[in-house]
Amino acid sequence: MDASMLGMWTFLITEVLFFGGMFAAYAVYRNMYPAAFASTSKFMDVILGGTNTAVLICSSLTMVLAVRAAQLSKRRDLILFTILTMIFGTAFLVIKAFEYHSKWVEHLIPGFDFQYDEPRYQHNAQILFFLYFCMTGMHALHMIVGLGLLTYLLVQSVRRVFNADYFAPVEMIGLYWHFVDVVWIFLFPLLYLIGHRR
Amino acid sequence: MSTHHILIPKVSTLVAVWAALIVLTGVTSAVSYLELGEWNIVVALLIALTKASLVAWVFMAVRHSTTLTRLFCVAGLAWLSILILLTYSDYHTRDWTYQAKPWSTNKAAGDSR
Amino acid sequence: MPASLTLLLADLQLFPPAASAQAGPIDALYWFEVIVSAIMTAGIFIAVIFLAWKYRRRANVRATQIEGSTFLELSWSILPFLVMLVMFWWGAKLFFAAQNPPKDAMEVFVTGKQWMWKVQYPDGTREINALHVPVGQPVKLTLASEDVIHSFSVPAFRVRHDVVPGHYDSLWFTATKPGRYRLYCTEYCGNQHASMGGWVDVMDDREYANWAGGGSHGSLAEQGQKLFEQNGCSTCHQLDQQGRCPILRGVYNKPVQLDDGRTVTADDSYLRESILDPNAKVVSGFQPNIMPNFKGQLSEEQVIQLIAYVKSLSPATPASQQGVQQRPVVIAPRAKAPQ
Amino acid sequence: MATIAHGTPEIAAEEVNYLNVEHGWKSWLLTTDHKRIAFLYLISITAMFFVGGAMAVLFRINLLQPEGIFSAETYNRLFSMHGIVMVFFFLVPSIPATLANFLIPIMVGAKDLAFPRVNLLSWYLYIFGAIFTLYAVIRGGVDTGWTFYAPYSSTYSNSYVLSAAMGVFIAGFSSILTGLNFIVTVHKMRAPGMTWGRLPLFVWANYGTGLIQVLGTPVLAITLLLLFFERVAHVGIFDPNIGGDPILFQHLFWFYSHPAVYIMILPGMGVISEIVACFSRKRVFGYNFVAFSSMGIAVLSFVVWGHHMFVTGEAMYTSVAFSFLSFMVAVPSAIKVFNWTATMYKGSVSFDTPMLYCFGFIGLFTIGGLTGLFLAALATDVATHGTYFIVAHFHYVMVGGMVMAFLGGLHFWWPKITGRLYPEAWAKFAALIIFIGFNLTFFPQFILGYLGMPRRYHAYPPEFQALNVLSTAGASILGIGYLIPMIYFVWSLKAGPKAGPNPWGATGLEWEIQSPPTTFNFDETPTVTKEAYDYGPVEEIVG
């Protein structure tokens, strides 16, 4: 394993703790306001969230296939899977944008326009929605950065930079992409599946 | 260079892991519709942890990587747990000290948090 | 210059007065720590100076290379740690005692607000930046903040607790020496942080009885009762028959079943929350969203009055925790400080 | 220690080195040479040190009078900016970004750090963060204290919190990148034969520091970000009026900020290990224990943060656990102090300036560390929390410890960094002045603290005046003490006598190359065949 990969892993640990701060806040407030947190689930679209989870998992698959293609010097496959990963990534962001839009329509933007239908949970639900926007927003920001990296990857693979002897950047971007996927894997149940639905 | 040690994953393995992840996503969504009380969150987190481990182990190639990488993964998890558990311990044990003794020992008081 | 120097030195203090029952034991631990530290510091200083001088560089004398010594390493890791364990145990023991006020402690309510301390006594007396307590009587302070985090500190008593907005904090002490002692805010709270302090007057029983004339507006509970009626609480919270809201008689310090299945104890913190944010924890069997939010409508001081009133409806609570009673210390002063 | 071909003859009039290889501002601002970046950092943190120091001088002047001299508003902004500048822009980057940045690649036998461009990026982030913070200073300052406690900072303060918090946020990433670079460099860039057991203890200490920077700093970043949103939009994350919990801010803040004090002190401990070995002409006593104690500190530092919150209403049982763990972290620190002292035993001790700073460090750090026990013990923490006792304690560790180590290290490696010697007599004089000034400034504060004088007070009861005057008198001596090295270092840059590759007769790869080094440090990658601190054959192996 070369230095750049170790550097990437170290960076990912930093990222774990960056998101960790928000997860800690989530744990504390969920423990403090269980009912208010549960009440928010009716605004969370499990179908869209679940679809997005699946989309991200698919993108992880295409990403790892892209890395594999680079390792085997299969340039065409590399380009194909990179493009597929970018398509999935973009699809995720588009769906996310629809979700954000519906939150906007439903007056669920903490701090600016927050009117909760259950007045008793007005404040406490706002904390959840703030954490929701913080966590998914940070996650989306990472996705956007990831798409930028994938664009770089695409350009470089079109230029025939990568082959079986040199593919470290593909691996690194792959690691980053999977990490972003892992974060979402935790966000999905914590944000979308809180309450008991019937 | 690193090429000498690279083990190229089989496509079938990757697709199998992908399928498992999709299935687990379905499972975690389905389980959330069951009334399991406190266990809902436990199950959801266990499934998420399984999924994350699958991604890390196969997609991120931890299974083929050095002890050092594994150590770094474990360290990340360990420090995350330190942060969350020690913070949570404060909130969780606050009542242990200050809760006044109830006058009547009715049944509900027993499971007071 | 010499004159001003004498003036400076005239006021010079090196150790604070110890005026509470807690101060002695804490000072004992403090001196233990000072002595341990002094011995260790002196040991290190002497060793450094001695070794540096004895083995100073000389011509033709070479250093002897030594790898190390596991025995020495282990002994100077473990031995100091054992001493530290003593400090830990000692400190924790005193800390535990400081967390549990005696049941018969006299209760005083202190509200921190940028930049003053507002003090309320059960008999309705109110003061700002001053606290009067009788000697020898355990006093429990319930601390509330109107705005930012403050910290209530009386160095002579060796007590201190942060006053965090959003919930009640508390501390307790037993003053042992009559006199005036400074009280401070020790958590930075804004511009006039330094002026958020005052005096604690510790008085002997006779003096205290004279001082404690009682509030001109009735006891704390009576003030609370007035508020209770003015704010329309009594229309729903009826005393003897079930209205739209729970009966408050006898509820204080009892477990309450909530509508989400949890159980809480109806202590000061719960009552406060239920006044300011009544929908946060609704009692099982009652509808949410009936009682209005009183956050912003009532000050922390008024909340304390209301709680005193609710407490007075529960006669089973220990005498000292009731707001309607006379100041308990006047009736039964303690002969000796506990502990 | 290593087999290096010295190609360049000593007689060459002007050797090519990293300083003179290129000229012009572009060659500095776009450099990826770790030594040039270290130099850029050195200039930046020195500037910040004097900004922070000037504020300290001003508020010490204010404290001459019990009623204060400046307005409360001015005083509050002075001490807050002093804390923010000193902690985030001087102490945290001080040794790692300057001395370690310069030395780690050389010590492990590498041409540069693992990621040279990331290293440059980290300096730019630092400067960017500093600009945000200095903008806050110029616009009128921040009055929250360096701790940014909510809800004061998020709701009540009407000073420039956002700008300062953003500055700290950005500087945090600079710190993360430095730590990341060190970790990877130590793992991946060691020369052949440079095993973990042969690493200089300075490298071990900075490796531990890197771990803390990487694991802790992101939590500070996200905390400040949440605070930022809270202040902008009032979302309730820390505001108790709408359901938030201000204690949560403290948990998240101290999760970083307690380990951060070890970011500040660990590299200093590394410096002391190098100095004490060199000037005793002896291998550090118990190398393994000292190395592992660095790692022990790095790990344990993360499980003690709750001792900042004993009086906040933190749960009693949690407090007890944190108290116990806090005593645990004292053990590795104690090991280090004992081992440094024992290193002099049967040594050949000389009293050059770096060694004087080293003595100062050992003494002052001992006091700083032991007074930490008062704060780890629950009952005495309650009595001293939020008073000048705390102020004295952490200044003994941070200034008595860290700044002493920083100055000691700077004197030790100055000949290597610049190729020049400084005036020894002046340097010894300055070290003495600093030691005296420091103790005079901060020892009275221990007494003030137990008397109960709260920190962050612009005015205080008159009975505390005598001790405060003493402290201010000490601060003025200390201030002069810090100016002297500043002056002779600048002088020596131009006029100091040439140092030669190894003026101290020290071991270590950095002393085997020319001073100042060439851009790529080594003509060819060295092969290491000897242990660290090889001042002669080991004659006594005990235990």
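Residue numbering begins at 1 within each chain, and the chains themselves are lettered A, B, C and D in the order written.
Simple rule for what comes next: a residue touches a chain if its C-beta (ideal position, glycine included) is under 8 Å from a C-beta of that chain, and two chains touch if they have at least 3 such contacts.
Small disclaimer: the values here were computed from a predicted structure and weren't measured.
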Centre-most chain, if every chain is reduced to its averaged C-alpha atoms: D
Top-ranked pair of chains - ranking by C-beta pairs in contact: C-D
Averaged-CA centre spacing for the pair chain C and chain A, given as whole angstrom: 45
Centre-of-Cα separation between chain D and chain A, whole angstrom: 36
Set of chain C residues in contact with two or more other chains: 99, 277
Residues of chain B engaged with two or more neighbouring chains: 68, 75, 79, 83, 87, 91-92, 97
Overlap residues in chain A, where contacts from two or more other chains coincide: 2, 6, 10, 13, 17, 20-21, 24, 28, 32-33, 123-124
Chain D to chain B touching residues, read off their complex: 187, 215, 219, 247-248, 251-252, 255, 302-303, 305-306, 309, 313-318, 321-322
Chain C-facing residues of chain A, complex: 33-35, 118-121, 123-124
Chain A-touching residues of chain D, taken from the complex the two chains share: 114-115, 118, 176, 180-181, 183-185, 187-189, 214-219, 221-223, 225-226, 229, 232-237, 242-245, 248, 251-252, 255
Partner chain B, residues of chain A touching it in the complex: 1-2, 5-6, 9-10, 12-13, 16-17, 20-21, 23-24, 27-28, 31-32, 46, 50, 53-54, 57-58, 60-61, 63-65, 68, 71-72, 164-166, 168, 171, 174-175, 178-179, 181-182, 185-186, 188-190, 193, 196-198
Chain C residues touching chain D - in the complex, by the definition given at the top: 8-9, 11-16, 25-26, 29-30, 33, 36-37, 40-41, 44-45, 47-48, 51-52, 55-58, 61-73, 76-77, 80-81, 84-85, 87-88, 90-96, 98-99, 114, 147-149, 151, 153, 155-156, 158-162, 164-167, 169, 182, 184-195, 277, 295
